[in-house]
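Next, two complexes with chain A in common: one pairs it with chain B, the other with chain C.
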Partner chain A sequence: MSTARQVSVGATGAGGTQLVQAIAREWRLASNPVRFSVACLAFFYVLAAGSPVVAPYDPTYQYRAMPDCPPMAPHLSAPSRWSDGLVYFYPMRMADPVARRFAADRSRRVYLHFFHNGHLFTTAAGAPPCFLLGSDGLGRDLLSRIVYGARVSMSVGLIGVAISFSLGIVVGAFSGYVGGLADNLIMRWSEIEMSLPSFYFLLALAAIIPAGMSTVETFLMIVAIMSFISWAGLARVIRGMAASVRTRPYVEAARALGASRWRVLSRHVIPSVLGYAVVAATLSIPGFILGESALSLLGLGIQEPAASWGNLLAQAQDVQSLARYPWILIPGAFIFLAVMSFNFLGDHLRDRLDPANLRR
Partner chain B sequence: MGRFIVHRLVNMVPLIIGITFLSFLVISMVPGDFLSSLRLNPSISPEVIRQIEAEFGLNQPLLVRYVKWLWAVLHLDLGVSLTYRVAVTSLIASRALNTVILAASSMLFSWALAIPIGIIVAVRQNSIWDRVLSFAAFFGMSVPNFFLAFLLMFVALKTGWFPLGGTYSVYYPSLDLWGKIADRFDHLVLPAIVLGTAGMASLMRLMRSQILEIKNSDFVRTARAKGLAERTVLYKHVLRNALNPFVTLAGYSLADLLGGAALVEAVMNLQGLGLLLLDAVRSLDIYLVMGSVLMGTVLLLLGNLLADLALVAVDPRVDFSALASQ
Partner chain C sequence: MSYGFGTLTVPRLPPRADQAAATTAKTRATRRFALNARTACFGSVLLALLGLFAGGGCHVPRPANNHEHEQILYSATTSDPKTFNPVLVTDSASGDAIGNLFEGLVKLNPLTTLPEPDLAKSWEISDGGRVVIFHLRRHVRWFDGKPLTARDVIFTMRVIYDPRVPNSMRPILTIDGKPIAVSAPDDYTVRMTMPRTFAPLLYSVGFEILPEHLLAADYEAGRFNRVWGINTPPAKIVGMGPYRMTRYVPSQLVAFRRNGGYWMRGPKGEKLPRLRGQRLLIVQDQNADYLRFLSGQTDVYSPRPEEVLDLSERAAKLHITVRKIGIDTGSLFFAFNRNPRHYVHHGVTDPKLHWFTDLNFLRALAHLVDKRAIANLCFHGLAVPAVSDVSPANKVFHNPNLKDYDYDPALAAKILDAAGYRLVRPGVRVDPHGNRLEFNLTTNTGVKTRDEMCAIFQQDLANVGIKVNYRPLEFTTLVEKLDSTFDWDCVLIGFTGTVEPNNAANFLRSSGNLHIWDPDQPKPATPWEAEIDRLLDEGTAEMDPAKRAPYYWRIQQILHDQLPIIETVRQQEFQAWKDSLEDFRPTVWGLYRPEWIEFRPD
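Take a look at the complex of A and B:
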């Protein structure tokens, strides 16, 4: 019940060293897949937060001469040539413009510059670009687009969960605790929302988004739409828990002490269901990521030239592109890793917050 | 039993009304409508547009249109598609059948594999198979449908094993019955795998944990103590009890698959309800959108009802009246 609070209080309430210790303890307790997941997510959020620095190029700049260029392999230079640069690659040139085949020019070495021009690594201004993960059909650097796409894909889950869960928890706790007509109405409404064929409805809702909206506005619309669809399920579970909490002695005691309805709700009912909510929140993030990706993939979500992991995959819908330029599938691997990490983390949190496991 | 079904069917009515009204509201909030593109077309005179408007009742207020639509639906008339100019019912019927076939076959695929694998893995707990397959299950649960679709299509491209999307080949009409069935099946394999993988992975995990839980219960120990063969214990005692929750799950997962099928159809270009809806949404074909949403909702609700009925049929402890009053 109150374990979630204890954990969080212990983690945030008292000083930096204790926080470090708590994190170290959690790290020790975690299994390898969980550690990998946490590392993955941390990496993705770094990508998202620092995209202008991490991305080697402008994600919308089109290298017109290099559409659908395959990934270029970086090479480590020999120690004697480290004065020129640590890592080099052979620039690619289009060998056959019709088939869009590229050939590496082995006679030239172009060096990557680290911490150059405000980028983590990039090439000199006039030098040919280095596409570590290849380029898309318009000659844009796929790596840079993935890095910028992380902003959309990694935040859509957090913001969506924040909205749908605050709604779900407040409405669910209120409904369960107050009961009566309000409860009945709220639950009927949530039944309607839960019986919606969600993807069908998502498609229909996505049509509301006007074409001229900015990327940020579109993003917020998508998040709002998905939150609207997903809050009801949580509200119902929380309601059930709140309804059972209502008759517990400690809640009756609080009422007997003259606590207001809102105080009982916010201090006793909601905290007792928070542990469940944290787990459910983590496990529902993948749904948001996948929903956004699917919408963007179908052209109903984030629009070009802005990048999201979903709309980067749109090119793969063309069978010819898929056959010739398989590196356009790489963004899908990022979506997969993010989803898997949240699944692992959610599973782990469920085990950790389960009272039966904590008592051991 | 009969009363329970009637009760549930009656309960569906307000749900369907709520959902369709919500969809109607949403689709009418869309800026512009089907006619916007026609208005921009200089070869279409304003009179023609006004005529179409009147024909489809697009100039009437929202509530009037909704009530009219609902009244028509009660007469099994879902209106006329603005784009195709044919009755929505005729468009939807064949598409819905394709969607149901896809959902059912992916369910068959996932169940036929998940249950035996789950049993094997649970019996050999902590063996190398258990670890590998449990890890693979996590992969299967996390891989996005559309990404798996692209991966499999890529494999199909390179090997030429299966057709790339589509519901049937171009030469489909010229085939005989068995050829048609074989052709359909050929096109169904990849989408069914794509749609069924996630479900298969989670079913396998559930089966595993179910068996492990029951393996340690008292009645299994009793069965062993009285000297039953391990096989008998497994198949007659453990398995029968472990399968109980799966009956409920069957209905719900069918409902789930019907929803998930939409995305797979859109990505793999299958002529199902989902692709129809996507096209309708893109061209703002109101009545087609409404028809598809209605059809999807009905399928979903029927799936849930089937799930409850299956549960009642399997578990004698479940009380009809309790379910009915829920």
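Take a look at the complex of A and C:
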């Protein structure tokens, strides 16, 4: 069980150098797809944490003269012009409002300023905006919206998993360890919850969220709803594992030594199911991300003008827009990468924590 | 792609430690399979995405069909009919389904916007406009061969005036709370006597006539509201119009066949209608409707602004005609709830009532509606700013002299400051009593244009420190809030327009149930609402259209000044149809001579 112990030591964060060594070893052991996934996730979390700095513009500001503007190509300036700026682009102007056709103004160069005005890069105030990934139907910068959307989409999984798994583990372990009538009641209740058609249940609950709630409140509400309908499955598995752990000699020994029920539960039962729970948690994060996008797609998730990858992708529902403005599909690529990364990472963790592999 | 919640549950049990050694090989195999399954799943997602791209591109397959040879016109609608009973119809899908089966005494000529003979071949107005005598067309027969007579007209009006039958015609045919007296001197003459001179009568008698010989028994037995529901076999729906219904398959289609005994004749005395039949397809949404038209499965389509360009560019290749037919006849506006029933609870008045009845506040908001941006962003430039609640498409009654509230955020902020709505910190404005300016905005879900319009309005209000919470609602929920619970603050809503301005009386009159900002008032709450009520009475008493117009101009002026509603923009309407259709003449008021339409013989 040596590797398992190291992993769990890493997870609990004891000892600085030991942690670094453990991470380095894990990185060496990981396959390339897993390394790529971890890099992706790290990148997304940096986007989420640093949104105000990373995003070049205010994600809700409407450049009303530039709806559905295509992505603009950055150009590297010649070394002689580096005093003006390193990177420039040609500003775009809407040539035809009916067709939403844009023409680049080749006579003019607008420079990107790095570390300017509190942004990683942006244009000078008053200068035409640079839409690296294009703009949406209201002339908002898609890149900035994706960066801010990362906050919602990347945290929905973490918060959701935190709620549903703490509930699932505690309830499951308690139920399995205690057994008897309590076990019976809890498991029947979880079965009732599992047999709810969850998506429709979610739709119904999302529909009754009052209009006056702020975006953050709505967001937390949605996450909470999603987690409260998803803890039951985990609780059942944990309960089974706890019930079997209960008869193990070391648990009986602890009990014989007079340990309290809570101590046995927290020191012996829950740690033995934690490895499985970590894997299951990682694999269920994509469900939350996709769940949020599904709700947003139906207009019941995060409300405009706030951005999430789901509600950004919702604009790509319309065949017309998709054909003419294909860049509105970019948020879909972000969802795709995030979901795939969590799945690869979860698979990898399962391999690493699988006792069958650890024996060797 | 289904975004279900299957993945939220735990995928599968890991092998228990004590069994692990024995099952290692098996587990590995399972895992490999699981990974493959997952990869395959991603593959299909990618394929689906690619498929979407391809679907949006130019290569829409056009299956060969022979609408031309069959002489059957295909069109589509996005919802199922709710009833086949013409008196009970309230939704457009039901109207589409039975519109071709029934006719009225008089119809509107969409080119001239004047009343034209239909089942009545002529009429005489006497007694200063108090009495109108209609002479019915002879030889009009119901589908079952019985002749249409004055008895049918009288029966229909009895049904309309019956308070047990919910219908939208009753308010239009009620004058000062009194019904119109109808009598039949003989089988082909109908005499209508009104309590006073009533100019809009000829525009109000387009209602569909019902067959007395088939429905009288059910009506007497009190079953009228249940007859001719959507479960009635189509052959039992007996009208006298150009088509009869032959088939209704819920959520799929309504089929019509030409009525061989239709009374109307063409220019050379030939039988009408020229088409052999029609099919009304019921599709899921407007995207589906559009794709059907692109693929040639339907023959006519009313494109949304964002589709107009695409269709025009491909018109030659698709063998279609796309034409601008004019400006929307309706009105799309932000309305503000000023209904005390919503705001006053236990003697405490919500401050919103004070804002929404404060002219300074409303004027500031009117200056914050960026109509140019709305036209460009939401309608692709294919819309014009709307100033009055009556569309310029209504040439007689539209008031052209109103001066629009220009988009001017600085002026709006100044008006608010002057009226005591202070900016306490950037982005937060409070009223004179220190309440934060914040209200809810809603509209119906699923309409992208409206979402965008609300987002623009929301942004402009946020810039001056007014917080708007936007949440669209399901249409039925919205209607319930508007007409029974009154639980709303601000709504973006559209009304359809009519040629006869008095047909909007339900909306204009303070006692009307569509008087959206404060419906069903026992007596007018404000002097200007009282004036509108009076102008409606006076306007209907004047027979000369030229002399009538000033009354309705004044009503538009009042609404423009008092701002219970703030107008936005009017869309330019387009119509697309197959080149092979002949005599297809769309107008914003409807098709001109639809009986003449036919496919050009090959």
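Here is the rule we use: the second predicted complex is superposed on the first by the 348 of 360 C-alpha atoms of A that agree within 3 Å, B and C clash if a C-alpha of one lies under 4 Å from a C-alpha of the other, contacts with A are read in each partner's own complex, and residues count from 1 in each chain.
The rule is simple: a residue touches a chain if its C-beta (ideal position, glycine included) is under 8 Å from a C-beta of that chain, and two chains touch if they have at least 3 such contacts.
Model, not experiment: these values are computed from the prediction.
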Check chain A with both chain B and chain C modelled on it and let me know: fit or clash. clash
Check the residue A:Gln62 against both partner chains and state whether it touches chain B (first), chain C (second), both, or neither. second
Name the contact category of A:Arg106: first (chain B only), second (chain C only), both, or neither. neither
Touching A:Arg28, do we find chain B (first), chain C (second), both, or neither? neither
Looking at A:Glu191 after the superposition, I want to know if it touches chain B, chain C, both of them or none. Which is it: first, second, both, neither? first
Quick one: classify A:Leu290 as touching chain B (first), chain C (second), both or neither. both
Counting residues of chain A touched by each of chain B and chain C, the higher count belongs to C
Check the residue A:Ser244 against both partner chains and state whether it touches chain B (first), chain C (second), both, or neither. second
In the superposed arrangement, does A:Phe336 touch chain B (first), chain C (second), both or neither? both
Contact-wise, after the overlay, does A:Leu205 reach chain B, chain C, both or neither (first, second, both, neither)? first
Name the stretch of chain C, from among 5-13, 41-49, 95-103 or 437-445, that runs into chain B once the two structures are superposed. 41-49
Overlap of chain C and chain B interfaces on chain A (superposed complexes): 198-199, 286, 290, 293-294, 297, 316, 319, 322-323, 326, 329, 332, 336, 340, 343
Sort out for me which residues of chain A touch chain B in the complex. 33, 188-189, 191-192, 195-201, 203-208, 210, 286, 290, 293-294, 297-298, 300, 313, 316-317, 319, 322-323, 326, 329, 332-333, 335-336, 339-340, 343-344
Per the touch rule above, chain A residues touching chain C in the complex are 60, 62, 64-65, 67, 97-100, 137-139, 164, 194, 198-199, 202, 211-213, 226, 229-230, 233-234, 237, 240-241, 244, 276, 279-280, 283-284, 286-288, 290-291, 293-294, 297, 299, 303-305, 316, 318-324, 326, 329, 332, 336, 340, 343, 347, 350-351, 354-356, 359
In their shared complex, chain A is touched by residues of chain B numbered 14-15, 18-19, 22-23, 26-27, 29-31, 135, 138-139, 141-147, 150-151, 153-154, 157-158, 164-165, 258-260, 262-263, 266-267, 273-274, 277-278, 281-282, 284, 289, 292-293, 296-297, 299-301, 304
Considering only the defined contacts, which chain C positions touch chain A in the complex? 3-11, 13-17, 20-21, 23-24, 27, 31, 35, 38, 42, 45, 49, 52-53, 55-57, 287, 290-291, 306-310, 370, 373, 376-377, 380-382, 438, 440, 442, 445-446, 448, 451-452, 455-456, 458-459, 469-472
